[in-house]
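Letters A, B, C and D mark the chains in the order given here, with residues in each chain numbered from 1 onward.
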Amino acid sequence: MKRIYAIEELCLNCRLCEVHCKTAHSLSKDVFKANKYEEPTPESRVTVYGNNFASAALNCRHCDDPKCVKACITGAMTKDKTTGIVYVNENKCIGCMTCLAVCPYGCIKQGKAAVKCDLCRNENEPACVKNCPNHALIYVDKGGEEK
Amino acid sequence: MKYIIIGASAAGLACAEQIRKEDKDGEITVLTKEKYLPYSRPSISSYLKGAVKENNMYLRKSSHYTSEGIHIVTGAQVKIIDRKSKTVKAGRKTYPYDKLCICTGSKPFVPPMKNVDGKENALTFLDLESAKRIKRLANPRTRAVVIGGGLIGMKAAEGLSKICKSVDVVELAPHILPSILDEKSAKTVKKHIETEGHIKFHLEQTVTEAKSSKNKIISLILKNGDEIACNLLLLAVGVRPETELAEKCGLEVSRGIITDPATMQTSDKSIYAAGDCTVSVDMLDGSKKIIALWPNAVNQGIAAGSQMAGGKITINKSFSVNAIDFYGLRICTCGLINVQGAKYSDKVICNGDRYKRLIFEGGRLAGYVLINSSENAGIYTNLIETGMDLSSLSGNLFDTPNPFLFVKPVRNKLLKGELDL
Amino acid sequence: MSVNYIPRRFTVVRDKELCINCGCCVRQCSNECHCFADDRKTVISHSADCVACHRCVDLCPTGALRIEKYVCDYRENANWTPQYQQEICRQAQTGGVLLSGMGTPKDYPVYWDKILLNASQVTNPSIDPLREPMEIRTILGRKPEKLTVEKKGKSTVEMPPQVILETPIMFSAMSFGSISLNAQKSLAMAAKELGTLFNIGEGGLHPDLQPFTDRSIVQVASGRFGVHSDYLNNSKIVEIKIGQGAKPGIGGHLPGEKVSVEVSNARMIPEGSDAISPAPHHDIYSIEDLRQLIWAIKQATNNKKPVCVKIAAVHNVAAIVSGCARAGADIVAIDGFRGGTGAAPTRIRDNVGIPIELALASADQRLRDEGTRSQISLVAAGSFRCSADIVKAIALGADACYCASAPLIAMGCHMCATCNTGKCNWGIATQRPELTKRLNPDIMYKRVVNLITAWNHEIKEIMGGMGINSVDSLRGNRLMLRGIGLSEKELEILGIKHAGE
Amino acid sequence: MLKEGQVRIPSGCAIAAIIDRKGGMINGSEIIKSIALMHDRSNGLGGGFAAYGIYPEHRDEYAFHIFYENAQAHQNCEEFLFKHFNIDVAERIPTKKVDSISNGPDIWRYFGRVNRVRMKNSRLDESEYVVQCVTKVNAAYDGAYIFSSGKNIGCFKAVGYPEDVGEFYMLDRYNAYLWTAHGRFPTNTPGWWGGAHPFNILDWSIVHNGEISSYDTNRRYIEQFGYKCTMQTDTEVITYLFDHLIRHHNLPVNVAADVLTAPEWAEIDRMDSDKKEYFTNLRAIYSGALVNGPFSVILGSNKGLLAINDRLKLRSLTAATKGSRAYFASEESAIRIICPDPEKLWSVSGAEPVFVPLELNEEEDV
């Protein structure tokens, strides 16, 4: 199954992945409304760390043996058996953020419920990858095969 | 192979599911004294304040148990474990087992107080049933008092404050949340809770006596003589491991059930134990203690389940990690917090309502307390868990931890996994 | 900073309605034209150093940015134009030679735009390139005078080294130093995929380009940077660079601060030292000296590599080309004065040399008059903007064309012409790692491949229209060209008729 | 009105040829019959024939056929000819009055050998000397035009339909072992007899159908080597290409044909290494001699007959054989009318030139 990987050497620190992630996870799906007017403000599930000299965008690795799923006290965090995607059920999540406290990659954000990458719900290509101007984010199989 | 698991919360469920992963055919029966399918016990405070509906509290869909072949028996209070005949008795039924796992969790600890026991408005707060009962009793006119300023007590107080006219918390210790917070941070939290939740604290106090009328408490007298009105009393002083069954059948028990720290096997080779009812060894200081926290219970349940099914998973990393919030104030703690000694040091960064305290053991991270600054706390947790030498880091540990905390080869692995790009 | 008497050139216009304050522009502008306001949330722009490179415009996710020419009127004067006044002010301030990047922006005639192409109607059929083979394969190198055969099907002629190109378009010299390694790598990858060549310029060979040397033209320029036996032998063609269209008669100067470890290794000069390319080759003061260098290179490469001599198009270009051919050059490249550069003195760039169209036409005719045209290859350079320019150049007589600006534009260059500042926001003309990484060779080489593939298609389309199915039959086929609005003299030099004739 | 050489005039055409490999004689009426069938492929603005072996009694002498437009041209040209050649015979070419052909020039023929003293002084070999003399007359003597200059061959052409031209020259009185014929469809009205085909130099004669799109490439290529394309016709440039390749570069005729119609690269890439090298070298060296665009060409010479078609087969050309004879024509019917039952009949392909060598015992080496 495919995962998003980040290539630091190519990351421009433009943070457009964040902008487009917010858009993809907004109600309007409109870059302008999503990033400016929508309430509640959609959260980006990908975060760029670093500065212009060295930066990288990080989002959920969708681990094989996810600590967040094990730590989830409500059963809201699950790993889909077929797609391998780790999802949060926002109705079940009470926002305790134990998942955040155990994620070794720092890929979960706090919100009313836990906020994390859902690979755009198995879209062909997640929004962050699609919109990365320098292909610093790639969506590939673990073996590294492209698409 | 017949597996019996007593208790259906974090450890019990994890244990059952792990067994199924490794043994496709074994007969798995989970006995729970509660009348509900496995649900999120920590969510009962959210339930109390109305943030979550009951149907969203169940950990799995009921179809999950059918498809996984896990037989859950609700309302089955186990009375006896008969090690000789390898059976357990619950109600009128006897369940034979080849492997047994005890995941009985905790029971509330109620300190002796005059005129409290048996009063119909004096309740504990540990399971869904109790939460439902409280919810029925509490109303906007209620003056609630919570005894205990620990995790359960404070979550209960928060829940009640959304419903009741007033909430008082009585705590013996000099600060609230003593198990997860140090004194300084506890003060910050307390202030926040007082402002946001209008909760009144009575620290370094105990209730000596209750006044009652018609089998209902109407007020409480504190150690210092103060009297506070009360028409709903919550007893949340603390919990103790539920070890009664184990003790009765002669297993080794101290504060909790004693198990092999790796395999969760008890002194009886056919019997395992996992979760809050056991004694854990804190990997960080080697101390034996009760780590009554969800992730620990799940890990223990998985290890026990695997071992029972002949698998190889063991547990060797027990430590406490906890995340909680009060009125939007996020608290995240992990590892050793209230430790003393020359080998420990700590550093606190305080900036407005953001508080970050890191506890070090030599050149390693041993614990943290994060208030409103818990972003990416898992990276700290991982540093604690792996015992990484902090001198190998390239970034500032006190910034929000992120991949750039690590040197490039480590960082690359975080970003690219095993990919060779 | 003191007052510098020169108004800024551009204004960044930010549509506050559209701006989502994502800060992308702030982080992308190396000229620091955008910043966060004091609230650290609102993005604002100040335009003083804007060069209109459009990095912010192109990356802005909501299209909130626009670059406008900063209009500031001077009292009208057709002679003392604002540009001259500003240049005077700049020199008054710095006391230095004015420097510019890219080709001259001045309004000299572009003859490509005054030449029209032919197509077949009735008397012979046009050819559909989608249905019929359409050949653009081009072979460079010295050709023997004639073929000798044992019999039909068996050649006995000894061929000098030849280079087969799958398109008549090559990438002209851009050195590591003037452009980034990533830009070079993109061109190298594209050349490999396209079956053409890229020219590594005079800055030596970076080890990362080693896998592409079989598609490379290596330069021996007056600075002789990085020239050694392996360098010459790891190539397809060795090019002696005598001159450059943008700065004929002028050497080069890569300041020491740009000579990083990598640049110093490739150029084989000490780190931090100025890399000076002298104006002349100090071992070539005459045509016979050139002959010696050509033969020396042929010796060093065991006669395995064609030797190209690249000259700037100057007034007596035809005679010089003919001389180079007689001195033993297998290929002569002529660089017209509109050709680009990383940095050239503005006055030279804008005033010295002649257009490639005229230079090419007269050089081709001269070689034909001498009867040597079929034996050597002519490469034209100096601003090919589209496939039609290439077709016209080939019809005038070029074997192949050198393109540089076009592939750079494909890689993001916006012709802001500030290459000399080293702050190229597109990661092309810079060595700053935070900027060079913006150019991902894996993306950019595909864009370059796409561009040239598109041009190839268009060339084939145009050829098909002419009823020609091989570029061989386009080469020198000036009957396919007609001038429009050209004087008798211009037509005579170009060797073409006027439209309607 | 501009004539050939002053303007480039595209034309459509009919071509036909007959050859007897063994040198058996064929009467001119046969080729007239063949070309006449393709009447509609020409428009009455040019027709012509080339005949090989018609002057056996003068086989060692050059036969010059010349158009004179005026007496002055006649005088100047003869002066030049007599100076450079030892002329044995000078006579008018016999013609018959034909209604459709009028306004013709004075048509003369001369038989003679080169003036050896002058040739030696010019330091040219014989054929080059002859070519230069012919070129000189055609370029410099206004009103005189040498349209045939080989040994034992003759070119006959005029403005008119080819069958009328045949009648005009009374070709049924001539017997040849190789005939080529041409009917022309020019888009303009040049009205100049010299512009009709075949085009001849020495013993090369070419009839050609098509308009080559590589004309200027080929012209500028061949003009590097001293040729001057005064006619601006495809036929002229193709003739010169053959002349150059065969006479100057010593290439066999079939190799020269390969140069003009070299296979496509895609095909060359699939060939075995010898052939690949051969064609790669050939295309590299002679890229300027590749002929592009639609054409079918029949090249007559003392060595035999070569028929080539363009690479894409954009022009028709059919070939047939029977016994020692080979027939070529733009249309199959034009062959069948004179050879109803050929042994073999095929369409000449773009990739495979057809060369029919003459097997004469007394073959002359040119």
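The working rule: contacts are C-beta pairs under 8 Å (C-beta built on N, C-alpha and C of every residue); 3 or more make two chains touch, one makes a residue touch a chain.
None of these values were measured; they are calculated from a predicted model.
Removal of subunit C from consideration leaves the following touching groups: A, B | D. When each chain is reduced to the average of its Cα atoms, D sits farthest from subunit B. A comparison of C-alpha centroids places C closest to the centre of the full protein. Annotation: 79 Å between the Cα-based centres of subunit A and subunit D. For the pair subunit A and subunit B, the distance between C-alpha centroids works out to 28 Å. Centre-to-centre separation between subunit B and subunit C, using Cα means, comes to 70 Å. Subunit C and subunit D have Cα centroids separated by 47 Å.
Within subunit B, contacts with two or more other chains are made by no residue at all. Among the residues of subunit D, none is found touching two or more other chains. The touch graph of these protein chains is an open line.
Which chains touch which is summed up as A-B, A-C, C-D. Put simply, subunit B touches subunit A in their complex at residues 10, 14, 40-43, 46, 51-53, 56-60, 294-295, 298-299, 302, 321-325, 330, 332, 334, 374-379, 381-382, 385, 401-404, 408, 411-412, 414-421.
Residue ranges on subunit D touching subunit C, taken from their complex, read 8, 10-12, 187, 210-218, 220-221, 223-225, 248-252, 254-255, 258-259, 264-266, 274-275, 277-278, 280-288, 290-294, 311-312, 314. Residues 120, 123-125, 127, 132-133, 135, 137, 139, 141, 143-144, 146-149, 151-155, 157, 159, 162, 368-369, 371-374, 466-470, 472-480 of subunit C are the ones that touch subunit D when the two sit in their complex. If you check the complex, the residues on subunit A that touch subunit B are 3, 5-8, 47, 49-50, 54, 56, 58, 61, 67, 70-71, 73-75, 89, 91-92, 94-110, 138, 140, 142, 144. By the touch criterion stated above, subunit C contacts subunit A in their complex at residues 18, 20, 22-24, 27-28, 59, 61-62, 433-434, 437-438, 440, 442-443.
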